[in-house]
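Per-chain numbering from 1; labels A, B, C and D assigned in written order.
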Amino acid sequence: MILLARGEMPDSPTTASPEVKRPISVNARSLLLLAVLVCAIPFLAGSYVQFVCLLALINIIVTTGVNISMGYCGLVSVGHAGFVAIGAYVTTLLMTYSSLSFAPAMLCGIVAAGIAGVVIGLPALRLSPLYIAMVTFGFGQAVNLILLNWIEVTGGPNGMAVPVPTFFGNDLSNTGIFLMTAVACFGSLWVAFNISRSRLGRAFIAIRESEIAAQSMGVPIALYKTVAFAVSAMFGGLAGSLYALGSGYVNPDAFIFLISIMYVTMCVAGGLGTIAGPVVGAIILTILPELLRPFAEYKEFLSGLILLGFLVLMPRGLVPLLTSWKSRLMPKLARQPAPESV
Amino acid sequence: MLGQLVVSSLALGSIYALTALGFAIIYRASDVVNFAQGEMMMLGAMAALLLYRDLHLSYPVAFGCAVLISMAVAIVVERVAFRPLLHAPHFTVLLSTVAIAQVIRSGVRAFYGQELSSFPPAWSDAPIEVYGVRFTLLGVGIIATTALTLIIFLVLFARTNMGWAMRATAQNMRGAAIVGVSVPRVYSQTWAIAGGLAAVGGILLAPLIIITPDMGVIGNKGFIAAILGGFNSLGGAVMGGFILALMENLIGVYISSAFKDVIIFGCLIVVLLARPTGLWGTQKLKRV
Amino acid sequence: MSRDVILSVMNVSLSFGGNAVLSNVGFDVDRGQLFAIIGPNGAGKTSLFNVLTRLYVAQDGRVVFDNEDMSLLAPAQLAGVGIMRTFQNVLVLKGMTVLDNVMLGLHSNFNVSNVWSAIGLWSARAEERAMRERARDALDIVGLGSMAKEDAGAVPFGHLRLLELARCIAGQPKMILLDEPSAGMTSEEVDRLMKTLDIIRVRLNPTILLIAHTMKLVMQVSDRIAVLDHGVKISEGTPNQISEDPAVIEAYLGKASADAST
Amino acid sequence: MLRRLLLTAGLLTGLGASAALAADPGVSKEEIKIGMWSPLTGPTALLGTSERDAVEIAIDEVNAGGGVNGRKLKLIVYDDAGSPQEALAAVRRLIDQDGVFALIAGSTSGSTLPIVPLINRAKIPFVASISSNRKLLDPFSRYIFRAYSNEVAQADRVIEFALKQGVKKPAIVYTSNDYGIGGEEAVTHRFQQAKVSLVARERYNQTDQDFSAQLLRIKQSGADSLFVWAFAAESGIIVRQAREVGLTMPIYGGGGTATPLFPKAAGQAGIGVVAAYVAPELPESSFKPVADYREKLKARYSGNPPPGRPSEYDLAGYGALKIFAEGLKRAGSEPTRESFIAALETLKDFNAGTIFPVTFTATQHEGTDQSAMVRVNDANHWEIVKR
């Protein structure tokens, strides 16, 4: 498990929060404990809870990716399920039709999604944010239609079964897939955290806030927008390949527009532009439908209301709200000198 | 054959044009892409169905009332989903229209149930053949009504005081406010007109297809037409509607009907790369 | 005596759809010099800056910086060759802390690639820490050291220009372009700005191009001044020469007072 | 805030640890738990809600008659809204959390095929009654039984009829969904057996509203007959637009076309259209079991059932539960999943009333290959075409 250096792991800056936001002093110990606990889930929980947790981890990877392009760089992506689909299908196709084992197949899935991210990013370089939304919207639809109609290769609407991944000969059990997903999820968060604390993250935020200022500080706008798209697409590809392995079956219905909107809802509800925001959003909005399952008639209605409610009432999302409450509720504690930052 | 394709694309083209126009006027006035445009069409069609088929009102009366209902809903949507987010980043508003679309769709489905119903056509749909090209009175009726609607809109937009205020706000919100234009009122008028256009499109579309809570998906076509034609040019958006319908027919027949949407998306990307503002759109100069 | 010229602007002309904004403006600036550009509103000062920073492309004329033709550079490459600028309408980035704003100024000074910093390689984190120190020094120079952790949105208006200044000097640039840094400042703040500029010139010895309206500031800190009026350079010289030059007075105060002063 | 992650993760593990590990889950002294997942929301909600109502009505009937060997049947239903991701989560919850004994009905093929690996791994019996896709039992799975004929059987019946009527150059229009694709494969396969090849194959996407392009290509191909494999609503539009474009040849439809909505959607253009139909009797027929079901459905909705109901999915769901109950009865007083499967495989021409009699053997789990045919009469209503 990746050990964080001792010291504070403050959230990256939130979007335009007027009042002072103390970084939350979360030391590595509690993070380590969390990691161990997540990895214990497959041994404690039944296959249903394990599958829901797996979905949550996969959604965290996607929302962390969406957060990089949308939360930091301000590039709206309402077609992210397209990247997830590419990751899932490329991995499945390679594992089925070629002798590649799951690891290289996953890698190709991630790279393919990244390439798609760059291609979709191209028009975005010269267009206003609204056009980017349109391009990503069109991209999501196009990927779904291609998967639906390229029957000879993708099996069309019936989809494809994913061959069981083998790890040095013996089959990779559900637990193995779960642990791999957990490692991938923590790895993604680690990379996202590093990006947010590095010049890459600052350049992204600069592009979002004012392209002219960013450019005059030496940030090549076109290149960094493409990087933002590619990175968030690769996160999507990684999540897609893990979804393929985890669920054992892929078909186009799992990557429709509604799913892209759900990813965005998770980011907005959790808190765009923070590290923990998309995580909290992904967990809540993966578990909520499961808890609401018995009265499902209203699920679509409820998820629409949730997105609208957050957008209008809490645009900055849960995490920034809780951090500001926390700093207001416990002024003494929050003011104690945090150890020198990482 | 080609003649038949062109003629048969006119009816659907005019419906795409109405939707695209609805997108374009909201975008021009407030830089917002209204993803709930399709759902407003669906509401218009549902209201007309209720009035015309169930309450047996005459077609024009049902048509008018349904348009008014949709305009009212559009004003409410503007008030709930758009006004509070006036100063929020673009994508927040865009997402709120998506959320509203989802709420409307699932709300109507919960109320309306699973039933799929057909809308009795106002004009006969018996095919007529002239010089080897077949069309129906229904098609002619749709094109005529669309033309009438566009003319009314043009008069409203160009000649009246409200139209002037809308154009002023589109150019520069603060400038318009300074000279006394009540910008919030302009926004609700703009959304009301967009709602009205959507309703007209929805009601004209209804006899061609089956009315379900999910028929709002046609809004996506209007969206693509608006991008193709040029989002901030009203004439462009209307033209975009007809071009898209024609392209769908041509690609559908001569290339492949299954992949026609994918090919159209490809053309869209090429158009955006060549002219980032669509065929007739104009670039807003960004001042440093 | 041979002049160590770092920047030479040779008859630059710029016009927007017919109306001429700049017409063959030319001047040379020595290394380490504070060169002010003044003139009434609409004289084309900011447009000149935008040409120098490649935001506008001049119709003709050449600009050579550190004997390298500027027309080869894209706007984003200027920071790399050591040219930083501030903006008339202060482009400080909300959503980032004050310290992060300044570290953005150091963007081109990083040499560990983004890939390693994304993975969290030790060398990348060490460089991040070093850069953090340089940013803190820059903040201390402008006196905003205590606000490092604050969000840029919370910085009072008066200090925003100082923050932009800190952002420029953090990377020890060769040349800084200051676009009306004293606009909207009280006289104490102007004094503080002058002191800060002196410290910067002593510590970093950058070449500075300054656009300003505050005559007190211009006359005291500038080594040389050029005066623009309606896009034409009507005069250039030391602060004393400029203050007596009738052409300058006429441009500023109108015909009558120019005669009165001779 | 990361501490909050700690709490939510802890909650999850606690939830999971309670999964009971009984010998054969779902069977207790007084009840047997049955699991079902289907589209109760979304565009295909008509299928899901029809099946759920039918299965619940059948269960009430069985429980009223004393249940099966003294045990009441208890149904647990989850909505999958037509999404495979939801379906996977729902079925895992049924097997793992609710510990159901067996599964029934299922969802559309799109949300049923992904569940097959799960069913095989959990070794849990499943009596399917919505998905008509051939791949559900190809490759064969001893845990899955289908209560009515699959798409291949439906296609055969219609094509035999068309061949008898002298069809030489058929064309097909079909949706790019699991139903359409399956239909196209079955139709092409059956025609090849009869040495007849399709002159035009036109596929469309569910978001399409206008079919003039596809229909014009078919007109050009000189086809002498048109097969439509789409759900009722779209079939109606296609048939009407076909007449508009000047196609006057006979039109045949798959099982999805034969619902009350088609005649309304097609209008006059629909008259004479022949389609495959999965049940022996139409939902509005006076045949006793169907009429009884209609009354029970009216009672369930206190007088006015939802429009378009009962549909043939009602009949299929009712029949499937009757087959399920019969299998349980034959499995004796201490049913296990294995004994239940063996009992189902002893069913021979078992008549569940609303659907064709089913026969299962150890190697054949397709309940029947019989399928009826219906034609739109001059009064614009479906009527059964007698053999």
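Some observations on this one:
As a working rule, a residue touches a chain if its C-beta (ideal position, glycine included) is under 8 Å from a C-beta of that chain, and two chains touch if they have at least 3 such contacts.
Just so we're clear, the structure is a prediction, and the values are computed from it rather than from any experiment.
With centres computed from Cα atoms alone, the innermost chain of the structure is A. The interface with the greater number of C-beta contacts, when B-D is set against A-B, is A-B. When chain centres are defined as mean Cα coordinates, C lies farthest from chain B. Chain A and chain D have CA centres that are 36 Å apart. Centroids built from CA atoms put chain B at 33 Å from chain A. Each chain gets a centre from the mean of its Cα atoms; for chain C and chain D, those two points are 74 Å apart.
Multi-chain contact residues, meaning those touching two or more other chains, occur in chain D at positions 41, 176, 203, 205.
Across the assembly, chain C contributes 55 as residues in contact with two or more other chains. In chain A, the residues touching two or more other chains are 15, 145, 149, 212, 258, 297, 300.
Per the touch definition, chain D reaches chain B in the complex via residues 41, 43, 45-46, 49, 176, 202-205, 207-210, 212-214, 216-217, 220, 232-234, 236-237, 240, 243-246, 261, 264-265, 267, 306-308. In the complex of the two chains, the chain C residues touching chain A come out as 53, 55, 74-80, 84-85, 87, 91-97, 100, 103-108, 110, 114, 117-120, 124-125, 128, 131, 150-151, 153-154, 167. Within the complex formed with chain A, the chain D residues making contact are 1-6, 8-10, 12-13, 15-17, 19, 40-42, 78-79, 81-86, 88-90, 92-93, 95-97, 109-111, 113-114, 117-118, 133, 135, 176-178, 180-182, 203, 205. Put simply, chain A touches chain C in their complex at residues 13-21, 190-191, 194-195, 197-200, 202-203, 205-206, 208-210, 212-221, 227, 273, 342. Per the touch definition, chain A reaches chain B in the complex via residues 15, 70, 74, 76, 78, 122-123, 126-127, 129-131, 133-135, 137-139, 141-142, 145-146, 149, 212, 258, 261, 264-265, 268, 297-298, 300-301, 303-305, 307-308, 311-312, 315.
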